[in-house]
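A quick write-up on the structure given underneath.
First chain written, first letter: the chains are A, B and C, and each begins at residue 1.
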Amino acid sequence: MGFDYFFKLFIGGLTKGSIYALIAIGYTMVYGIIGLINFAHGEVYMIGAFTALIVAGILSVLNLPMFAVLMIAVVIAMIFSAGYGFTLEKIAYKPLRNAPRLSALISAIGMSIFLQNYVLLAQTSNFLPYPDMIPDFAFLEPIKQTLRTTQLIILVVTAIVMILLTLLIKFTKIGKAMRATSQDRVMAMLTGVNVNRVISVTFVIGSSIAALGGVLICSHTGRTHFYIGFLVGIKAFVAAVLGGIGSIPGAVLGSFVLGFTESFGAGYISSDYEDVFAFVILILILTFRPDGILGKSTKQKA
Amino acid sequence: MGVLEVKDLTMDFGGLRAVDHVSLEVTEGEIVALIGPNGAGKTTFFNCVTGVYNTMQGTVTINPPGREAEEIQRQPPHIITQKGLARTFQNIKLFQSMTVLENVMIGRHTRMKAGIAGAVFRGKKTRAEEQKLLHDCYEILKKIGLEKWVNEQAKNLPYGEQRRLEIARALATEPFLLLLDEPAAGMNPQETQDLVELILKLREEESISVLLIEHDMSLVMSLSEKIYVMDYGKGIASGVPKDVKKDPIVIKAYLGEDIDA
Amino acid sequence: MIKDRLLKSLYVSLWLTVLTFPVMVIRVNTIEDTVTWRWGNLLLILIGSYVFSLIWNYALERQERGKKVKTNKLSIKIKEIKATVSQSRPMKISGLAAVLAAVFLFPFLTSFYQMSIMNTALMYVMLGLGLNITIGLGGILNLGYIAFFMVGSYSYALLNQAIGLNFWIALPIGGLVALIFGIIVAVPVLRLRGDYLAIVTLAFGEIMRIVVENWSSLTGGPSGIRSIPRPAIPGVDLNLIDTAKLVYFIMIVLAAFTILITLRLKDSRIGRALIAMREDEIACQSMGINITKVKVIAFALGAVFAGVAGVVFAANTTFINPASFTLWESVLVLCIVVLGGMGSIPGVIFAALVLKLMPEYLRAFSEYRMLVFGAVLVIMMVFKPGGLIPEKRKHYNFTNKDAADFEEEDV
């Protein structure tokens, strides 16, 4: 054991946290804007992974360098997932914007089931081996046991995404529109914001980021399956709630808290109870901070 | 001592002091108005007195007729209502999918006893209690003039009737003090006049005292025996209506509003 | 108008075709290293989505128009029929008699297989009614409800193993244990707002399942517990089919019991407090209601029914393991409640039967049944967000001006 093991768990936690973050961002953005738990978000993540796999499969005949394949596959996966997110919103959520929240939730669940089975039927129920499209960095060779190239890439990509997203939200017009819509949709409409477009953009951004995560993690773990969206989706959603649902920094923070909890819990205590640690930390945090770590405590106006 | 005595009530929202050492008193049978420009902190004041916010400082003492005086600050809202303070809300908070009658029946909740066993087994006592409840609530509706809406869903009521329903519901809790938050908001002059008569009638027949927040000056002037004025969280004036009307500080606070009703 | 519609659907269909192109047309098999192109699917999507889009948009438009104007001749006729049927006593009685006859005769007219399915469906009816109290009446979103079902099952299984507990005694005990768990879970959860509360209930549900799965010494772990005794009548020897019939009647009685309690609850002081809390917590508190207490009641009451149903489940299947109590099952019960129309008893029953029986009878299309299930959920919610049979409140008829006499009528 010792420091090597600790560091390995630490990197593991960081990696998990990063992936959760990439997905949790989508959950929290959608929740912030329309107050809906987008149950189907995990499926969009999964479809991103599958799309990249399919693209890589086609390109394999062309004998391109790995890096080019990766780039093309990722970009196409992101575009298609964005498309799925966009379409999903228009079909299953938009008609329910003024309906009771639980109805929208059930619709989301229905969409999630539909998309899972859609991929299952159109592709396969097997676990598919996933090519490791990320070329290994030579300089990491010596510490390959502790830090693999895929992990480093995941961390770097997540950091870049977070920075870009923050810049977008803070400094662009659409970012401002998004913030306005999430605070008060009616007012935003009245001040000329095209709320429909803002909502669509939110879904598009969240979905493409999730797709990116999907490709990266599947490259790392070496396999994919139609069900991965559901499993990871729940965790990412827990992470978003933990950090304060509706807050992007909260989602990221919550993701890392979750990632580390799982990694260290599994590493030092028991890997069987890995999920239990995640849920226990959620309950603990919400007990002391009922609105999540960074959640805004909204005192209800009577 | 009055039935309600508030001393130095102070409430902060983070860095903002929403209510700053406000004191007021309502004596038995009195109708008192709390007025002030928008954002003065009046509803926040109400929320503190009724326990919706529980981080306030200062004291709130109640002294209902026939009972001992006690302090109720920072107690939970349901306890405060059980002790005899009932309120209506600035933004109507009716139970929308329940019927008019049921909304009033909820008001009676604390004056009843039936629990789960009562619900499931419907013994003689429970049935008698429910019968009495229906009877009493119908009477309340008649008093307020809403009896023809008895089975209508609350959300289908016209606006003015919804406001009156809130009062009916508050009345069902058998309060000694009624706190009304902008009861006349959105009402036309005829409806406002009807409301004035209703409140006077209730004061007479139910022996309750009333503390109300209002912007409609005609209602305030014709109804209240005492007025407190708030601005920027502070109490800036108090007294009988004709004095408050002429107070230069009050006039300045409203700046341009004609309070000569 | 028509041309616009046709054109719009064309765009939609083209969009969907392109979108689904990778997944539908190309199949990459990395195990065998093959890439298959299925151009037939392209045509399928193109035409299918075109037709779907036409129908979908048409239905949406109908719904929009329907909201504004309800003078459609057919809907007026339907309303008239409904009114005459519900007013007429003989019709009501014969309707009720028909239902009772069907319910009673069912096990004698159907095969073992059909009865087994119905038994499971009836358990979900009870689960739906139980969760209906928590969500439908109380407005508390419990995403870990199936854990109470699991608690009931394991209570019977373990107590039977340990002290030979008899099935009939286990029934109330399962409910009691579930009640205790309900209170335990409710306490930390009470201060949380809406969605946070929901996610914590999900967390509790999962924690309980994972603990059961891993605590092998106590619960048998993932392999579960076997040879759980079936329900039996002392002295009577029942074969498999007769046991299934017995279970059927047990479930009918339990379901009826649950319905009765729910009905009584809805129009009681506690029931009204639950609904008020669902509608507006702050107003509810201001009416003197202690919502903490009411929330615990909503939680715990819902749990009891799940616990009792769990005992029957264990006895019926004689073998339980954690895999029967996953998040998916909780979600299914949630769908039943929302689809049925929150707080509406006939709605929940109907939805439970549909959602549980449909996949079984769709086994013919077995591969596609989950796909259809998901689609059905979406379609139902889009076109009937209030649920199949929305809740109806009780109406009272005050005939005498003094309100001394009045009659209750159910509308």
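Note that in this section a contact is a pair of C-beta atoms (placed from the backbone, for glycine too) under 8 Å apart; a residue touches a chain by one contact, two chains touch by 3 or more.
Remember, predicted model here, so these are calculated numbers, not experimental data.
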Greatest Cα-centroid separation from chain A: which chain? B
Central subunit by CA centre of mass proxy: C
Counting in whole Å, what is the centre-to-centre distance of chain A and chain C, each centre being its mean C-alpha position? 30
Mind checking the centre-to-centre distance between chain B and chain C? Centres are C-alpha means, answer in whole Å. 41
Report, in whole Å, the distance between the mean C-alpha point of chain A and the mean C-alpha point of chain B. 48
Which chain B residues sit where two or more other chains touch them? 50, 52, 89, 93
Where in chain C do residues touch at least two different other chains? 282, 286
Residues of chain A that contact two or more other chains, please. 300, 302
Would you mind writing out the residues of chain A in touch with chain C in their complex? 31, 37, 47, 50-51, 53-58, 60-61, 76, 80, 83-84, 87, 91-92, 95-96, 99-100, 102-107, 109-119, 121-124, 126, 128-131, 234, 237-238, 241, 245, 270, 272-273, 275-276, 279-280, 282-283, 286-287, 290-292, 300, 302
Provide the residue numbers of chain C that touch chain B in the complex, in ascending order. 261, 264-265, 268-273, 275-276, 279-280, 282-291, 297, 301, 391, 393-396, 398, 403-404, 406, 411
Chain C - residues contacting chain A, complex: 15-16, 18-20, 22-24, 26-31, 35, 41, 56, 60, 135, 141, 188, 191-193, 195-196, 199-200, 202-204, 206-207, 210-211, 214, 282, 286, 327, 331, 334-335, 338-339, 342, 367-368, 370-371, 373-378, 380-382, 385-387
Under the stated contact criterion, what part of chain B meets chain C in this complex? 50-52, 76-78, 81-82, 86-87, 89, 93-99, 101-102, 105-107, 109-110, 112, 114-116, 118-120, 122, 126, 129-130, 133-135, 138-139, 142, 147, 150-151, 153, 169, 173
